[in-house]
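In the two complexes below, chain A is the common chain; its partner is chain B in one and chain C in the other.
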Partner chain A sequence: MSSVELETAPGTRGGFSLRELVRRRPEVITFLLLMAICVIVSVVNPAFLQPSSLIDIGRASVVMGLFALGVFIILAAGGIDVSFTAIAAFTMYSLTLLVSKHAPWIPMPAIILMAMAGGALLGTINGLLVHNLRVPSLIVTIGTQYLFRGFLLSFIGTVWIMSLPPQMGAFGRMPLLQFDSADGRTITLPMYFLVLPIAALLTWWILNRTLMGRAIFAVGGNASVAGRLGYNLRTVHIFLFAYAGALAGLAGIIHTCANRQSNPFDLVGTEINVIAAVVLGGARITGGTGTVLGTLLGVLLVVVVNSVLVMVGIPSTWQRVVVGSFILLAAAFFVTAQKKS
Partner chain B sequence: MSPHSSIDSAPAGAKAFLELRQIHKRFGGVHALRGVSFSIEPGEAYHLLGENGCGKSTVIKVMSGALVPDEGEIILEGHSFRSLTSIQSLAAGIETVYQDLSLLPNLSVAENVALNEQLVHSGGSLARLFNTTRLRETAATALRAVGLPDDRAFLATIVSDLPLAQRQLVAIARAIATRAKMVIMDEPTTSLTRREVDNLIAVVARLRSEGVAVLFVTHKLDECYRIGGHAIVFRDGQCVAQGPIANYSKKQLAELMTGREIDAGRYRSAKPGAAELFHVRNFTRRPAFEEISFSVRTGEVLGITGLADSGRNELAMAIAGVSPAASGTLSLEGTDRRIRHPAQAIANGIGYVPEDRLAEGLFLDKSIFENEIALVVRKLCNALGIVDKEKGRALSAKISQDMRLNTRDLDLPVGALSGGNQQRVLIGRWLSILPKLLVLHGPTVGVDVGSKDTIYRVIQTLAEAGMGLVIVSDDLPELLQNCDRILVMNAGRIVAEFDALATNEDQLYQAMLASKTENAQ
Partner chain C sequence: MRTTGGQLVMLIGINVLLLAAGAAISGGSFLSLFNLQSMTSQLPEIGFLAIGVMLAMCAGNGGIDLSGIALANLSSVLSAVLVGALISSTDSAFAFSIAFMLVAVIVGCLGGMINGLLISRLNITPILCTLGTQMAFTGIAVVVSDGRAVTVGSPEPLASIGNGMLLGVPVSFVLFVAVAALIAALLKFTPFGLWLMLMGTNPKAATYAGFPKDRVLIATYAMSGMLSGLAGVVIAARNVNVKWDYGTSYLLIAILIAVMAGVRPEGGYGRVICVVMAAIALQLLSSMLNFGGLSNFVRDFAWGALLLAFLAVSRYDLVGLLTPGRRKKPA
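Let's turn to the complex of A and B:
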């Protein structure tokens, strides 16, 4: 054919540059920030590097990490979900109540599956509403957050369950790793920690190895175009919210087992923390971008900030100031990097 | 003259790939399609012509499965359907390259080109594995076919990082990646320069030789003649003529589309004034443009053209203060003006009608009235800072009349208007500041024949009133019809100046290209 030299796209050719890397892989910044904090904290207080504090961080990441994966997958499709904490509280409390009052014989694996199924069901309601009302998912999930929580408190119960059914308590204590630290304490990495890497791998696999995953990003890029190209928006919306709901249900039951109590007033109010972690992990709030790895790094960053400030002598009330500054810093960095392109 | 050839007795031979029979579609009270019938044969080219709002996009949506017709029959490869779904249409090989290209900006080139092939293969089911190897292979084949690179780096490039011309080709590559039998292209050349259009036409010729039918929707009649094939002319939701395009003259087609006589001749008849109005000296902003000097007299219409990368767009934006020049001076009515920001340009009486009216110019969900007074809102305020709506409405009504807007309802949102009327609102807005110089950037991009005519007449009226006008455009007939002089830019410099009366398209085009080779050496 007539050889037409079309100008090459900026950034496809030419040398490596940090700016280009950050633009394409914003989670690099998250990683560098995380490393910088770890180095500073361990210089100020070497106790940070002890296995016990690392394990604490790992344990604290599980629930937030599961929530964050759900938020991320919805953000990737251009939506946002703020009802996941209500879903988690709803499933964990009703399930604990069910098991302790009526069906103490249900084995733990079945409880976990039921929590996920319950979460998925509530998520499906979100998905159907978002799809059929054609209202921004932020509005829909603000509504359903109130609805799920109100239903829980009005019809299911408000009494704090202080003693869990035995199988749930056992699951919360079941060790994956156990050893004695230098000062003689026993340090345990619980079995439920495994859930996070498994959920992360599954999410990564869905997003990158299935047509559904690509459809999610396509919808996040431009929903009406994706619809025109033949992607079934209804399927995508329902899958998204059901999947995020299942993760929230799972997070809820783990939260209960880990804390050895079930509080119906728990979790709701921590949504912004989770969304902050996902955005710090490089996913754009406008949707269509981000990675599972970035999301996990964002969660680690928030958890580390929350748990180490005390170690370097900064009052815990400063956590919010620090997390807020990081978000602004990261946002400013990502935006300038994009403008240069 | 009566080329209203056979409408109902369209050749319905067994070899037709797709046939529409008596398709009707209503939107509320609007009867958008009134019994449209035509057929598409393999390897043939079709040009769907008509003014904005005549039903062209509706019929495309019916064929691509995005809309369900109210009445009529669709015969696809011998099978009769009431309506099609998107997946049915895609699976049968009907691919549409929409005007907005319908690319997913956050995905890679490979995914944009070849993901749909996997989706169609799975019958629309999303519960399937996504095959990256096949994705890359399919994408590479399709990209080679449209003359784009097929290496890994290009395949992995995110589409929002590509220049517009390449995105256009990526969209076409996607259309052919699924072994298309019919490709619909909705105004494919609007944003392309002539060279890129040549490339596109070559791609189309190859598609046709492989038995693919191509249906163009376009306002550019010159390109239809170059491509050849059949014309299908729409007016008010009806098919008013169809037949080989060579059988119709430009004038005939324009009259069929509009239902009235269109003057295809030169619009410019007046002579410019003697006084120098505007002067630019040594305008430079590397690498976009350098050492640009030219002047405009009162009442003069100056054309500036060049390839997309020639610096013409950047120059237009520098004059308007959108992205100012790094050095050089600009004088208006004999005094040097400093313009670093659009607000300064407005204060000095320099108006700028941007190329992308949707992104840069109009507030689509606001009314005509609010759009037209946007620049003078502050002047319409009373002492309390409240906008005097009466005064604003009077101004808006006058502007709308001057611009021959074809609606009297000033509260209509601009997004509801046709492209031509939107453009008139945008130009009309600038009349509110009584500019001395008006820079029009691609004033008729995506505008139909009838609206073009109106816009050209308005341009001439403005020039006769003593305003200086600069038209930056790659529509060469437009420049020849409207300008006194035409400057040709290339590689950031003005390389030629022509008297519009003493030149022609070929000369201009030669200058645009010849200078390119000179500069390259």
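Let's turn to the complex of A and C:
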């Protein structure tokens, strides 16, 4: 929505108004906060600026970033999704099982496509339920989270798959960038890192350059008005959840390849971190606002906070308190900024 | 507000059916005194949380309390650490028990008030606020206990709340019914109850009518927090240790019970008696799945499916279909 607001915003008063900037682009605050944390951490512990820790952060943000893009697009339309981790665990585990037990010949690109298709299918179930039951999507997706995860663990399997099929292992190791650090270790930025910027660009394109993007923000602004304007709410709901599901499936398969094992108990439980990242990126939970860039900044912020606490000497037990307070502070801040304008 | 006896009749019917089915499957041992006692003593912790979720939902405007089980764990952990540092649970069992219960309920109440203050004064959406506090409460519990289980032991009279019987009925269940009755009366006979329901029905009208909106919201969430504190007490009384990650699936189950009870997620309608009935039904079902020897994962699957099924029941007014004459148009 930012492009429209930029054109219509009253920029006549000249001079630099921080409040106006923050109102229009809340992700500026996220960016400043991120920079501040990075500066403080690198002063306290210069090891933070080593390429190896930066690349660790990049690697850690891929899966969370993919999840966050899905959550963001649903949040933009005024909904919320907490079932995406269950979708990811479901698709990654059942697909790994399928490939290693029954069809080891499937090439990697096909595996990725199947993961996305599987995720989209589960997401479609979410979308249909949210649309037809007419209850807050939080409650529906809490239900489907248990449904998907319960189905996975009771009917598909609970055993860790420790040795992946060769093509999946190779995909997880394939380097994009490789160099030797000062202490002689080889540092690799894996190929799968590229998936995140591609997905982010695609999401940006959908939201800002297509009719569906218009519809999503319109529904997030006011669903009943959007319905009367002629947007098909059913299509929008199904698209949203299917898209988020596809991203979750993709994230799941990348998670498996990167960790070189498939654990059906993984991922579920991390959804609050992801939602926190999206909200810290400036998307309002009531919908209608937010940007892809802000979402990515929010993800970086949460990943950095999670990984640097130990570096500056704060015990890792504090991690939840810090992220939880960040959510509340960000929420309070954005609400107040909104009111003053 | 709508008046529905239908939901209550349906829930009682479900309970009778479940009891009969359980008796048939187990050959009568399902209805044995021992099994009934063990079922009713498992019920209160989740029942308290479900009433808390119901109160928050009734407040409307997207009201929901996701921090319930986190706050319950925080109350029991913090209280065990604080009181345990001052009073020995083996030497002065009575003083420890009383202090433990008081501190736990106070912590719960304070936590709930924080939720209420953030939601009413700062206008943070309840979902977001309680997500944040859920994480913060869990985090504080981890920090004060260093991530380990904290021993409460079994001092009297705390232990008898968990395991004692009053005329053959578990003490915790008596406590639960008493608290539920108190809240039901509060909702039915005081201005607070009326304000809460009307506010949930139409928040804008409530503002113009001059309701003390902020105070009602704060009181609602504080009450929900106090119920979490009570749940924490019962959890501590039933188990020798308390830990920050107890009952991870309770969040879903509490919401499931509220939805089963016909509480409207958009706010404005909910009955405590229906929540109690729904909690009993769920406990019966859970015990039946146990009797059948099914794993926890099957139970999770069943809970998810049930939640969606009951959402469909209320969406398409299936209760109305079964009780002709009450039929209304689906909203």
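To be clear about the criterion, the second predicted complex is superposed on the first by the 325 of 341 C-alpha atoms of A that agree within 3 Å, B and C clash if a C-alpha of one lies under 4 Å from a C-alpha of the other, contacts with A are read in each partner's own complex, and residues count from 1 in each chain.
Everything that follows uses one rule, which is that a contact is a pair of C-beta atoms (placed from the backbone, for glycine too) under 8 Å apart; a residue touches a chain by one contact, two chains touch by 3 or more.
Just so it is clear, the structure is predicted and the values come from calculations on it, not from any experiment.
S.K.: A:210 contacts which: chain B (first), chain C (second), both, neither?
M.R.: Touch partner of A:210: chain B, not chain C.
S.K.: If you stack the two complexes on chain A, which partner ends up touching A:180: first (chain B), second (chain C), both, or neither?
M.R.: neither
S.K.: With both complexes overlaid on chain A, does A:136 touch chain B (first), chain C (second), both or neither?
M.R.: Once the two structures are laid over each other on A, A:136 reaches chain C alone.
S.K.: Would you check which partner chain A:149 touches, where first means chain B only, second means chain C only, and both and neither mean what they say?
M.R.: A:149 sits against chain C, while chain B stays out of touch.
S.K.: For A:289, decide between first (touching chain B), second (touching chain C), both and neither.
M.R.: In the superposition, A:289 contacts chain B only.
S.K.: Quick check on the superposed pair: does A:218 touch chain B, chain C, both, or neither? Answer first, second, both or neither.
M.R.: After superposing on A, A:218 lies in contact with chain B but is clear of chain C.
S.K.: Determine where on chain A the residues touched by chain B overlap those touched by chain C, and list them.
M.R.: The answer is that chain A has no such residue.
S.K.: Spell out the part of chain B that touches chain A in their complex, as residue ranges.
M.R.: 64, 66, 86-87, 90, 96, 98, 100, 102-107, 111, 115-116, 118-120, 122, 124-130, 147-149, 153-154, 157-158, 161-163, 165-166, 169, 195-196, 198-199, 202-203, 206, 309
S.K.: Along chain A, where are the residues that touch chain B in the complex?
M.R.: 1-4, 6-13, 24, 208-215, 217-218, 220-222, 225-232, 235-236, 239, 288-289, 341
S.K.: Quick one: in the complex, what on chain A touches chain C?
M.R.: Going through chain A, the ones touching chain C are 80, 129, 132-136, 138-140, 142-151, 153-155, 158, 269, 272, 275-276, 279, 285-286, 317-325, 327-328, 331-332, 335-336, 339.
S.K.: Residue numbers of chain C touching chain A in their complex, please.
M.R.: 62, 64, 118, 122-125, 127-129, 131-140, 142-143, 146-147, 248-249, 251-252, 255-256, 259, 265-266, 294-295, 297-305, 307-308, 311-312, 315, 331
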